[in-house]
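To start, the structure itself, in structure tokens.
The chains carry the letters A, B, C and D, assigned in the order they are written, with residues numbered from 1 in each.
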């Protein structure tokens, strides 16, 4: 967390998904190369300051992707991984799919931001398949993103709508990757997955003790 | 031999056999060779294995090919989309097989087929359902999965421009799977917006060299 | 062999290396994609007719390479695999080394022409290393070329200067590739390496019987 | 982080450690980063492993680095050339190790290091001296050899132009090893003829995207 950037959210309340995106955006270093997954991760782009120098990668073959395109700027040949029309920034580059995934799988991206169904205390990620018997499996680039980036950040709500924790001792959904998550941004807290265990970096409208009571895993207080 | 310019997409897809493996370029609609897929539907080849990132949208293109019952198996990374109802129905009815491949493995396995790589080890998918039954090996302390090439009998790809020899350039993110698929099939058929004279493409900017392209057809709408 | 192209050589005498190149050039189909190795194979380019449509590949990253460059046309950024300045023809394309060797190793070149120290009856090729104990090994692209092209043609003299055959039952020099040679062009004859054995396609100033007496392997007469 | 523009080649090569593996681009003189090699000689790092297609010509560049006794090992496809007398002498005197790698394996192993491939099977070299002791496997009836990635601590490459972010374009066959080496080293240092403003290179023509490039320096002679 960068202490000299202002906080946009009220720390006494749980964060909205936009606030989570803002908190995460604040932690992306200047000039980082970043891939934002489809859905919640995409919101992070809206909270990067104009001078962030962050370069966005989209796995369908582009570096230095700009914001979503509207009106006349829409070009069917230029979309992001969610197939949404986007724009190109100065210094962009295009490449084919094998080169794009080589870039990802070869460990060249500084940060990849993904959504999740579950993250385990060991950093296992489940985000591609509910495991429901009638579900049609569809993985896209999730497994490649999970194993490839230097740091994998997850953004999700900490609990499901029915109140079940999504940060868990062990994932019950089918896995996307083993031990690949570094940090988890949620509405109630930010967690670091460390070799020593899950460490709470920051809480929003709750406390480490309260969270410890609702999660089925030990929590370490933040170092600093 | 350098590429043959075809007058019409029907000529370009002539001779595709029943039972073929067909690599189909595109990511969503970007780079999708729509004319060639429509021509393949008219051509009638059946019992196809289709390798493509997705499994069709709405009821045109790949979805229409699926709806006609011509596809035995789909190899893709992401079959489900908001409007993939044709595939969804066939799949739930057990009328089409599905092999889900992580997108990076899909691209790299197709590249391997074109590059003479017999198999490769990669960490993607290790410890997941999609690596079940696959050979693994720990390399540098990390579990890697052994992946084999995906080769096509035919590749149908969309590009921006071709010269008369078959050199191709693409445009923006419509490049996606075209360049790797062009290396990995026995017969490579490209749909382009424009055919230009040989010598007018800058040789530094050619993405798919002519050696990979067998047939070229200009888009009907272009 | 294309019967409707004129013969430049005198069949009653052994061929010069230029004649061998001409005979080989005649057998390259219109529009073929071809890699010519360093040395004797390079001579083949001089004998391709202007309308051959043959596209030359050079493994240092180019298709549709033109003839050697002279004078003002010399560009230090444009050389062939022998580091000789060359030119570019219309329809050329440049690519990096991994893409260039992927093209070769993936079986996309129609014909590759290589020199040789020895070729065995089974099509094994030895062309990179004399095996001398003080020789510094240097392989370049020979092993990749040997296994990658659809057809591998060798051009060499049939005998060494000391009279030892270079078409042999088994190579005694270190191998470049196993069972990779399809055809051998020499000053005295052209041979096909077939599953049935070595077949003589054509002789120059000698006969199959004479050759059989000088080579330590069975020769099959040409089919036709 | 995007690339840093350096005022001088000495600044560009600062910090290269003794014992490093250094990937050096170029094929013959085309694409050879001469200024960077000269700066590395001044910088003084020793006990280096140099990975390059050749082992130096005459007595400048790589040959000069070798002559100074800074190189412990050379990994290359073709050490011997008409004027490779510096290498030849050191090698015969047992003062430099040599690993000869078929040129295609050299390029593909470097690519593998950059692409997250742990190892790959390929037929090149099967049954030859250069595959002795290596794992083999028959795939599709053909003997394949298992090859491992070649990763660099540093890559020194030559390109034609860079923009201020570090995107690179090359010129003609001087492209050769630069693009793959740029993906495969911890620190990638590019020597270019010209640095242009970001936004002036056509994004379709960028061969090495900025993500791969750490430091850029303009050629002294340019």
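In the analysis below, a residue touches a chain if its C-beta (ideal position, glycine included) is under 8 Å from a C-beta of that chain, and two chains touch if they have at least 3 such contacts.
If you want to know which protein each chain is, UniProt gives these names: A, C = 3-oxoacid CoA-transferase subunit B; B, D = 3-oxoacid CoA-transferase subunit A.
None of the values given here were measured: they were computed from a predicted structure.
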{"item": "Chains in simultaneous contact with chain C and chain D", "value": "B"}
{"item": "Chain hops separating chain C from chain A, counting only touching neighbours", "value": "2"}
{"item": "Pair exhibiting more inter-chain C-beta contacts, A-B or B-C", "value": "A-B"}
{"item": "Where chain A and chain B are represented by their mean Cα positions, the distance between them in whole Å", "value": "29"}
{"item": "Centroid distance [mean C-alpha coordinates] between chain D and chain B, Å", "value": "33"}
{"item": "Chain A-chain D separation of Cα centroids, rounded to whole Å", "value": "35"}
{"item": "Multi-partner residues of chain B (at least 2 other chains)", "value": "108, 111, 115-117, 122-124, 170-172, 203-204"}
{"item": "Contacts with two or more other chains, residues of chain A listed in rising order", "value": "62, 88, 94-95, 101-102, 104-105, 147-148"}
{"item": "Chain-to-chain touches, reported pairwise for every pair that qualifies", "value": "A-B, A-D, B-C, B-D, C-D"}
{"item": "Chain D-touching residues of chain A, taken from the complex the two chains share", "value": "29-33, 53, 55, 57, 62-64, 88, 90-95, 101-110, 147-148"}
{"item": "Chain D-touching residues of chain B, taken from the complex the two chains share", "value": "108, 112, 115-124, 137, 139-140, 142, 144, 148, 169-172, 202-205"}
{"item": "Of all residues in chain A, those that touch chain B in their complex", "value": "58-62, 75-80, 83, 88, 94-98, 100-102, 104-105, 129, 134, 136-144, 147-148, 174-178"}
{"item": "Sites on chain B touched by chain A in the complex", "value": "27-31, 53, 77-80, 87-88, 91-92, 98, 100-108, 110-111, 122-130, 143, 160, 170-180, 207"}
{"item": "Residues of chain B defined as touching chain C within the complex", "value": "1-2, 111, 113-117, 163-165, 167, 183, 198-199, 201, 203-204, 206, 209-212"}
